[in-house]
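Letters A, B, C, D, E and F mark the chains as written, and numbering starts fresh at 1 in each.
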Amino acid sequence: MDMHTAKRVEIMIEAPLEKRLTAALEKAGVTGFTVLPVLGGSGRSGRWSREGQVGRAGMVAVICLIRPERLDTLLDAAFAVVEPHIGVVSVTDAMVLRAERF
Amino acid sequence: MDMHTAKRVEIMIEAPLEKRLTAALEKAGVTGFTVLPVLGGSGRSGRWSREGQVGRAGMVAVICLIRPERLDTLLDAAFAVVEPHIGVVSVTDAMVLRAERF
Amino acid sequence: MDMHTAKRVEIMIEAPLEKRLTAALEKAGVTGFTVLPVLGGSGRSGRWSREGQVGRAGMVAVICLIRPERLDTLLDAAFAVVEPHIGVVSVTDAMVLRAERF
Amino acid sequence: MSSIFDLAASNLISPIILSFALGLMAAWARSDLTIPEAIAKGMSIYLLFAIGFKGGASVAAHGVDAKLLTAVGAGVVLSFGLPLVAFTLLKIMTKLSKIDAAAIAAHYGSISIVTFVAATSVLEGRAISSEGYLVAVAAAMEAPAILSALWLVARGGTNAKMDDGLIREIMLNGSIVLLVGAFVIGMITGEKGLAEIAPFIVSPFKGVLCLFLLDMGLIAGRGLRAAKGVVTLPIVAFGILMPLIGATFGLAAALLVGLSTGGVLLLMVLAASASYIAVPAAMRVALPQANPAIYLTLSLGITFPFNLTLGIPLYLTVAQMVTGG
Amino acid sequence: MSSIFDLAASNLISPIILSFALGLMAAWARSDLTIPEAIAKGMSIYLLFAIGFKGGASVAAHGVDAKLLTAVGAGVVLSFGLPLVAFTLLKIMTKLSKIDAAAIAAHYGSISIVTFVAATSVLEGRAISSEGYLVAVAAAMEAPAILSALWLVARGGTNAKMDDGLIREIMLNGSIVLLVGAFVIGMITGEKGLAEIAPFIVSPFKGVLCLFLLDMGLIAGRGLRAAKGVVTLPIVAFGILMPLIGATFGLAAALLVGLSTGGVLLLMVLAASASYIAVPAAMRVALPQANPAIYLTLSLGITFPFNLTLGIPLYLTVAQMVTGG
Amino acid sequence: MSSIFDLAASNLISPIILSFALGLMAAWARSDLTIPEAIAKGMSIYLLFAIGFKGGASVAAHGVDAKLLTAVGAGVVLSFGLPLVAFTLLKIMTKLSKIDAAAIAAHYGSISIVTFVAATSVLEGRAISSEGYLVAVAAAMEAPAILSALWLVARGGTNAKMDDGLIREIMLNGSIVLLVGAFVIGMITGEKGLAEIAPFIVSPFKGVLCLFLLDMGLIAGRGLRAAKGVVTLPIVAFGILMPLIGATFGLAAALLVGLSTGGVLLLMVLAASASYIAVPAAMRVALPQANPAIYLTLSLGITFPFNLTLGIPLYLTVAQMVTGG
């Protein structure tokens, strides 16, 4: 199977920021991402859980697969949104099928 | 802790295809996988979101941890299902505990 | 962007064990983790799905980003909880922003 | 003619239609108002269970009509036949590929149960009775259209991904099973069963329908926003013309079967409406090359609101004229 | 005897039972019909709140019966004792390991609140009254059985993972807290409080129960499909014999306490029913080596439908014969 | 004075308050009782839709009052002004940073629709009527306070992240759109529309409110547990003093506008209550440096229960004394 190197960026961010993050990613030329729900978690700002919440509470996980050479642009864009907020950003090496999509 | 190398395959695929994908994986001898919900995303076919949807709309993420030597069989099986559809496949190097399970 | 090496540990565990796992992680000095919902899956104990379930059924995925040197402590803590139960543990190399958080 | 407009106007200011309009407008204004997926699914399960049960109980009350089987047969024929009409029309009116045209055709042969539900509540509001078994007709009309559309594609040499699994999935999809199952339960337990659970499935029904239509409005509105550019004027024209044609075929079938005024309306509505739940999922499996943005926007964004606002009052006027009811 | 069959037959054609049957059949036919997890949990919260509240309001109306404490005590004794009976029976009838047998035994000492709810709605349908505080008895019977089962295992030298956290979790698990909390609220606010929220917790109750049982049927059916091979004939036999034995113990306890006909039925049902929510979660923590496929299939796939369809009418006939009610 | 206590006592033993207390206690005891997020959101959608619709229908029934606009204007002024009062008070009473104080101030200028709903149900229980358009006032009061608070921060030189997107989000946030939309639908369809869906939005309303307050109690209780240490005594004192001050301003405004007794109570409650849904989300975007643990705990853990239990009866007594109603 024909595989191509890529980076998998995983951004956990507060739900009220989701729109701003994805807008920033799109502006930075990121062509694809996937948003996963998050049930709860723990960090420097304490423990939280989504259960019973009503508003745009909690966090979401945004996953982007991108070509390695575009990583920096993406991280700059993401960082500008995440920086003053609660959230973590991690990057993993990955291989993808159908590279023309990224 | 005794760790073993493995591959972590992450397949984002349209929800109506989930059954077909997991059936194909099982047929290809994949012994385990986990299905995560997806809230929304964006790609070449545009932006979508799960909110308010009624039918088997949206996507799911299927995660498989497998021994490296079985990667190709898995990708062939997955690709046959994903190929004509909307979806992305990525592979990451990983280490697993309890290798006898994979 | 200033990145630091880290490990991304992904633990899929039965939902009734979630509290025990996160308590064990906190006791082992893990400062952050994120819990993702799981829709269903398959493994040695068969196929299962969350749909329609009422109790604390099913599984959750717990993701920890940690400094590499703390991996062993974390795995020991996690393994003690996961070992007699249904679940899988995998580790991936990653890079993180804002290393002071980990 | 004035009565059509009166009817349309009084229909338009019902809480049901206005809730749909609210959803449309909220989506248009890019409000973040959303109904959680689980709640939307829960409401659709409620509506299917309620409408099925009430249909069955009504059949139990009025006796199994000899026309039941004829009506179901007529529904199946309509569902098989309408995609051919829709396909031909699309090939004439638009420049869509054969695959896209076939996928759209499948939607118009099948039915929208929410449009059906909205029509029953218009009938109730006017105290016009109808044959309870039309619920069974609705269920019977869900699937055949998919087969027709796949045949249209296969005939052209393209490979539609038709396998045993898919046929099984279509026939046993959740909506059909729930609708038919509730219908049978209603038939078995009859008026007594209905009385037991009426405070759940009858009294709050219209209110739940309002919230469900709010959600439909949100989804349709967001779909329309996203589909600008994809959906051309001829496609929109098809989305309004086709329900009128479907309704005409439905009318003919209803008269052949010999339904009551209410029954005529409901069969017209079934024929006029387009699926946006079962068929889209089947199309993603069977015709993945077809563009979902087109068929979803058409059925949910154009035809559904058209039927809801203008279609139903129009069909009702015609049904009353024709049956003298 | 004929009356048992009449009762069973009339019970079988209620919307509640038929909804369960629909779920079973849909699962059997591998339909993709599913109820979202959040909706299923929402319905179970509704049912627990409603049944607790109504029990409390009924106690407030009829005065705190001197027998309340005796009945709760009897329930606790049953819950502690029945696992020993179940365990012995399993060791005699089946080849299950000690761990598996103990895990199953825990389920049968504990209770199924949905079976209890179904029984109250049979009583209501027949206008037979019962002691409101049996809701409190139900809550009291949830947990002790787990301790018994863990003692059975520990006695054999195997390490059950029993820690303070687990005891706390069992005693304060959501279902117990909600049931007892709603009971207390019902007792405090009494008939007046009930009147305020009756259109929510009384009128639509049966309808919600139908949809909930549809979901139970789906889960039970899917469990039965998956468990083919794991669940042998002797195990199935246990799943039908044990509720009869439990009901007999429940009958004895109810007569000792001096309950009314309705109360006798309900205590029989509590003793006869097997948990499938609280106890399975506790077993995954405390006895992870036990195979969940066996105990879940037994309690939800065999004993639950048995009680629902044949058990309740049978117990009611016996309760009426014995109390002359 | 004794009547305040009588009123408070009778208020305290309503199912609504006790459900909230149950949630608080369950959280305090670390029970795992939880309401799924989707169900909680579904209930809040239901409550907003119902309260909006009923307000609109009431306006339709009583004619559009000339005071409607004045009342909305008064609400907007209150929402703009109260944050300044709250901010000053916080700077005097506590050692909080300017950012934290401003964030809290935004919450107290805005409103809690659930407190409003609880107050309307107290009015209904006492058959005291109120102006339906206060629902519109409630909607109008949601957003201005956020702008005030951001101005407070910007004035001090710190950069609040205020952009067009945020203003749009605040004005078009789901709660406001749903509340106003349902109000307009209620106004258009009037009594007739209300009659159609009353079995959904009127009869079960109080019961749904109970379950919703159970959830609020769970969240507030868990927040209070987690916030030990963060929330100091002066902060708690503010959480009780500020609603009293807000209510006083609300009273003055209500008298200026010339509202009825019920209307006076409701405007007092709006001014006294603090947001815990819309404003927290806006603060995470606009003032991320502010500590959410403080403002959430204050508004949901201190002020909300205070208003629910003691505040509403107190305000009602005052409103009755002042208006002689």
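Going forward, a contact is a pair of C-beta atoms (placed from the backbone, for glycine too) under 8 Å apart; a residue touches a chain by one contact, two chains touch by 3 or more.
For clarity, every value in this text was computed on a predicted model and none was experimentally measured.
The minimal number of chain-to-chain contact steps leading from chain C to chain F is 2.
At the far end from chain A, in terms of centres built from Cα atoms, lies E. Chain centre most remote from that of chain B: F (centre = mean of CA atoms). Centre-to-centre spacing of chain A and chain C amounts to 18 Å, using the average Cα coordinate of each chain. Here the spacing of chain C and chain E, counted between their Cα centres, is 34 Å.
Taking each chain's centre as the mean of its C-alpha atoms, chain C lies 45 Å from chain D. In chain F, the residues that touch at least two other chains are 32, 34-39, 41-42, 199, 203-204.
For chain C, the set of residues touching two or more other chains reads 36-37, 56, 92-93. Interfaces, counted as pairs of touching chains, are A-B, A-C, A-F, B-C, B-D, C-E, D-E, D-F, E-F.
Residue ranges of chain B in contact with chain A, taken from their complex: 10, 12, 36-44, 59, 61, 72, 75-76, 79, 82, 88-93. Of all residues in chain E, only 34-37, 40-41, 44, 161, 165, 215, 218-219, 222, 226, 276-278, 280-282, 284-285, 288-289, 292-293 touch chain C in the complex they form.
Interface residues of chain E facing chain F in the complex, by the touch rule stated above, are 36-39, 41-42, 45-46, 49, 53, 168-169, 172-174, 177-178, 181-182, 184-185, 188-189, 193, 196-197, 199-201, 203-204. Interface residues of chain B facing chain D in the complex, by the touch rule stated above, are 14-17, 19-20, 45-47, 49-57, 84-86.
For chain A in complex with chain B, the residues that touch the partner chain are 1, 3, 6, 8, 22, 26, 31-37, 60, 65, 92-98, 101.
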